[in-house]
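Just below sit the structures, each encoded as structure tokens.
Each of the next two complexes has subunit A plus one other chain: subunit B in the first, subunit C in the second.
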Partner chain A sequence: MFTLVNGLTTGMAVFLVAAGLTLVFGIMRILNFAHGAFFMIGAYVASTLVGSAPRSVLALVAAAVVAALVVGVLGIVVQRFVLRRIQHVDEHYMLIATFAVMLVCVGFVKLIWGLEFLSVDPPPGIDTGVEIFSLFVPSFSLFIISSGVVVFLVLDFVIHRAWTGKMITAIARDGWMAELLGINVPAGIMAAVGGSFALAGLAGGLLLPNQTLSPALGDTFLLLAFITVVIGGLGNVRGAFIAAILLGLIDGLNTMLLPAYPGVAVYVGMVAFLLLWPNGILGESRL
Partner chain B sequence: MRLNRRHFLATSAAGLGALAMPGILRAQQGEAVRIGLITTLSGPGQLYGNYIKDGSEIAVERLNAAGGVNGAKIELVVRDDKNSPEGAVTAFRELTGNGIKLFAQGTFTANLLGTLPLLEDADVTMVMVGASALALTHEAYNPRAFRLGFSSPMCFGGYGNLMAQKHPEIEKWAMLRSDVTALADITNAFSNGLKAETEKAGRKVEVLDPVLVPYGGADFRNQISNIIGSGAPGLFNVLQGADAISYYKQARTFSLDEKFKVLCDSANEFAIAKAMGANTPASLWSWTGWYPAANKDNAVSDEVHKAYIKLRGDEYPNWYIGVSHDSILTIANAVAKAGSLDAAKLVPTIETETPQGALGKIHFRKEDHAFAGDLTYIRFGRDDKNANGWSVFETAQLPGAEFLERATPGSKLN
Partner chain C sequence: MNRTLSGLLLIFAGAALVLLPLWANSGLVFLAGTTMVVGVFALSWNLLFGYAGLASFGSGGLFSIGAYTMAVMLRGGFEGQFLLLIALSTLAGGAVALAIGIVALRRSTGIFLAILTLALAELLRITLAKIHWVGAEDGIPNIVRPNFSIGLATVDLGRGNHYYWFLCIACALLVALSWWIAHGRFGRTLRTIRLDIERAAFMGVDTHRYRLVAFTISGAIAACAGALFAPWAQIVTPDIGNMMRSTQPILFTLLGGASSFWGPMIGAFLFSAIEFSTRTLVGIQEIITGSILLGVVLLFPTGVAGAWNALIARLTARPRRDEATSAALQPVKE
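So, the complex of A and B:
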């Protein structure tokens, strides 16, 4: 049972990071290799705001929101100067360009925050554990699971129900036609890309007490987030949500059943999913 | 002036003599003794490379302030290996191309394995800074290189021995490590040291197989739950860097302190306490390559400590500072004693000399050039009375030579 809860925790943590990654692919068809680096910047910005010991859960969430705004603005800058220029070129150039952005981000973090490890504690209220039906569950795990579900519900509502989401979906599917109908396409794209980067910053802030801050933090979730996006279906937020939960559960079962091979089941699972659903569980989507 | 035959012969002999003089003697006339330092100054290993650079620069500053080497100043020429063997080889070729014969390089084994085969052709003498891999003094042994680092059997065998002495009441130990093959040496050495000392005392100890976690992982809670469920009162952790700190953070929720009687960390020493502050585990042992407060009556250690505080304002230097300082000191001392930059004279000098360094007397085992200095262990933990939120409670030292693995230069240790 603990494995199940922890699998959900891992899955939701990965979804928080993968949400922005799949959004930017959905809107621009760019696999953003620098996504992990922006997650890292979000974490550093939030840590600067709350210090090493956040006073409350609210303070942590507020710092995460500010980190989201800062990273969102950075995302708009990156979109304006990099992503927009590589949108229609070969994928190899996209990977190289976003990899270069990642290196710049890491260098930026080293300059501002240095190389030493930094740590932020969970705030009071989510720093212990709770007993649920005689099962010990860390309260921070419940916080991560709740955060993942809330982010998914808000994102799903915005994309599928709100006018903004419908406008962005229209731009993603046929930008030329959307422009013909009077939609400000460049502004729509900028808003969507800014939003997807902001999600990376938000994830960095929310997961802050879970990880250690270092310039290598971006790598921690990047690979799992990419696997989630691929399994869920490129650009499909609902698919990413389901895939993240499945990956978390597979990883948890891996620890229980194959403890001598930690992390292997995730890759075996990815191969199996791709053989069964080559376009992802819910298929590719343009949002 | 008219040049006669006698004058010509005398002048020629003096000129030829000057040319034939060892480099160091000419250096006395104003030329600096150049030491090449190749370390990682970019990428993931940069943190350790920066420590090595700081420690080396402190050594050069101290040595020059004391008059240099036989009157010649020491010049440190630093290059980044970009954390790759190719980067290390490029830096090495550039420096040897500029005439540098003395090298300190570290700390990553792969990068050293790139340059070791080049030492002979370039007539270079090298001290390997902080490197621990067995290969460097066994299958990849090079007679021109000295390892000023601690092998796993040495420091973690000693660690197991120390824990068996300090905690004879603990009959069962659990271990946690990253799924990196190289780290298996550490858990094996700790287990062997623990068992050897326990059996010597006529007792028995059970050491459980390590619980493995993915390297660079994000979540360790399942593994934490497993080790707590093992029922062992002793725990040895072999996660490194950010992984280790994330693990201690996540383990806090599970009251790790209360579940284990003794917590041992392999080698993260103060990185944990500096990052976690008042949330550092209540009591944690760690191996360290150098801890100034443990080296009482060692003036060199105190001076290096003071110089580092002056340089970085940090009272708790990483152990690489001491090791890198002593690496440069080893080279400088050998040059001073041998009066030459030639490896043929420097190697036997380093083999026999025992200069006083920050770590204590620096001496290498002659057969395989493995460092045979003292081992240091520290116990630190949460301390509300200290402004840092943590303190060092206890230190212990063991003679490293007693725990060195068998010398098999040129072949793999079985």
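So, the complex of A and C:
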């Protein structure tokens, strides 16, 4: 039971990061190496806003939203100057270009915030735990799980239910045709990519407490997010959600059964998944 | 003209490397030795990418397999058989690459192969960091540089710059081997597969087998580079095969030019030069490296080697000018 809660927390944390990554892939067919770095920038921006001890949950969420806006604007800049130009070249060059963007981001983070480790405490209200069925659950875990679920529901609505999803699908499938039909394609792409990057910033802000901030923060989450996105099927938000939960549970079981080797099962699980379902559990999707 | 000029440059660069310990300080010599090893490592990666069209993101794992095999054997007291140890490490890397290739190559290429290899390398790194027999997080320190004997002559590689010169020779041999593989029948067949896998299969090429062999050879050379690196650095840690190590050959290759055999080497030395000259600037170093890389990918997709060839072609043969420019426009020149 404790394993379940822990696993879900990890899973939702990873999903928050992976959501934007899979969206960018769905729209632009680019696997963005720099996503982890933008997540990190979001975390740093939010930590600058709230300080090392945020006053309330609301302050933390507000900081996360501001971080999302900042990172979203950065994302639009990156899209205009880099991503748009590499969209039609060989996929390996895309990886390199976004890797270069990541290096630049890490450089700026080191310049602005320095090399020291920063940490932020959970704000009052979610800094203790609650008892559910005689089980002590840290309320910060509940906060992360609910954030993940809310973000997923909103995304799912935007993509699969509202008109915005149809428009973005049209642009991603056939930009030229969409333009003929009177859709403002550049604006649509910009909004969608900006939104995806904003998700990275939001994740950075929300996951801020209990996190050690260092310029290497991006790498840890990036790899897990990559795994989630690939297992779930590239560009598929629902797949990423399911994959994140699965990964979280696998990791939770790993901590319980093999505490001496933390983090091993995730990679074993991923290799198994990739070999069994090379296109992801829900298949690749163009949004 | 082009060939002569590039050849002369190559000879000049090689001579400068060999003579380096005579005038440079030991820090620079160490950097040059490291760059040579990772240059060979990058060459092995490009053998896979530039010729077979397969991008592995886990080559760091094979590098660390070679390094760990060498470190464990040297610690075990097998110093006398240095050549044998190198061969053994190379075989270990080749065997692991073969096993991965058998399982992975038939099912996945492109991004999936990239992520799969990335995950495998990370798995290896995490596992190594937990095994106490190989020092867990701290790795294996104090690796000796052994004696090296051919026939009657014995050279003590631990003394002075002997190991550096040994590295020069070993790397030159590996480069020659890669050159031979890449430019022979095998390399040409691989390029056929990369350009058009269906047509290659139609012509009777066993595409899967060729790719598997390329994957194995590339892995073996990567492990060999790792094995050479262990006594040079004199310490191996799990981080020797981290994600940065796996991305190193990719950066070098694309900076130098994937379409050229020498591209990864050129990239390795350029990268080292940039890192060395900006080493005191925290943060700015990453920004400069990233910006240069971005500039290369956006402006010169053929890398430095491609830009150089295009420049030479433009300077030497006026009438063939448009050919040179069109070559520069193609992402990968054939």
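Heads up, the rule we're going with is that the second predicted complex is superposed on the first by the 287 of 287 C-alpha atoms of A that agree within 3 Å, B and C clash if a C-alpha of one lies under 4 Å from a C-alpha of the other, contacts with A are read in each partner's own complex, and residues count from 1 in each chain.
One rule holds for everything that comes next: a contact is a pair of C-beta atoms (placed from the backbone, for glycine too) under 8 Å apart; a residue touches a chain by one contact, two chains touch by 3 or more.
Fair warning: this is a prediction, and the values are worked out from it, not measured in the lab.
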| item | value |
| --- | --- |
| Overlay on subunit A: subunit C relative to subunit B, clash or fit | clash |
| First (subunit B), second (subunit C), both or neither touched by A:Gly263 | both |
| Which of subunit B and subunit C A:Tyr93 touches, first, second, both or neither | second |
| Which of subunit B and subunit C A:Val73 touches, first, second, both or neither | neither |
| Which of subunit B and subunit C A:Thr9 touches, first, second, both or neither | first |
| Contacts of A:Val149 with subunit B and subunit C, given as first, second, both or neither | neither |
| Which of subunit B and subunit C A:Asp219 touches, first, second, both or neither | both |
| Which superposed partner A:Val57 touches (first subunit B, second subunit C, both, neither) | neither |
| Which superposed partner A:Val82 touches (first subunit B, second subunit C, both, neither) | second |
| Touching partner for A:Leu115 - first (subunit B), second (subunit C), both, neither | both |
| Identified clashing stretch of subunit C versus subunit B [8-16, 116-124 or 134-142] | 134-142 |
| Footprint overlap on subunit A, comparing subunit B with subunit C | 110, 115, 219, 260-261, 263 |
| Footprint of subunit C on subunit A - complex, ascending | 31, 82, 85-86, 89-93, 95-97, 99-111, 115, 219, 223, 226-227, 230, 234, 260-261, 263-264, 267-268, 270-271, 274-275, 278 |
| Residues on subunit B engaged by subunit A in the complex (per definition of touch) | 44, 46-47, 50, 179, 211-214, 216-219, 221-223, 225-226, 241-243, 245-246, 249-250, 252-254, 271, 274-279 |
| Residues of subunit C that touch subunit A when the two form their complex | 49, 55, 103-104, 107-108, 110-112, 114-116, 118-120, 122-123, 126-127, 130, 243, 247, 250-251, 254, 282-291, 293-294, 297-298, 301, 331-332 |
| Subunit B-facing residues of subunit A, complex | 2-3, 6, 9-10, 13-14, 52-53, 110, 115-119, 121-122, 127-129, 136, 138-141, 209-214, 216-217, 219-221, 224, 251-252, 255-256, 259-263 |
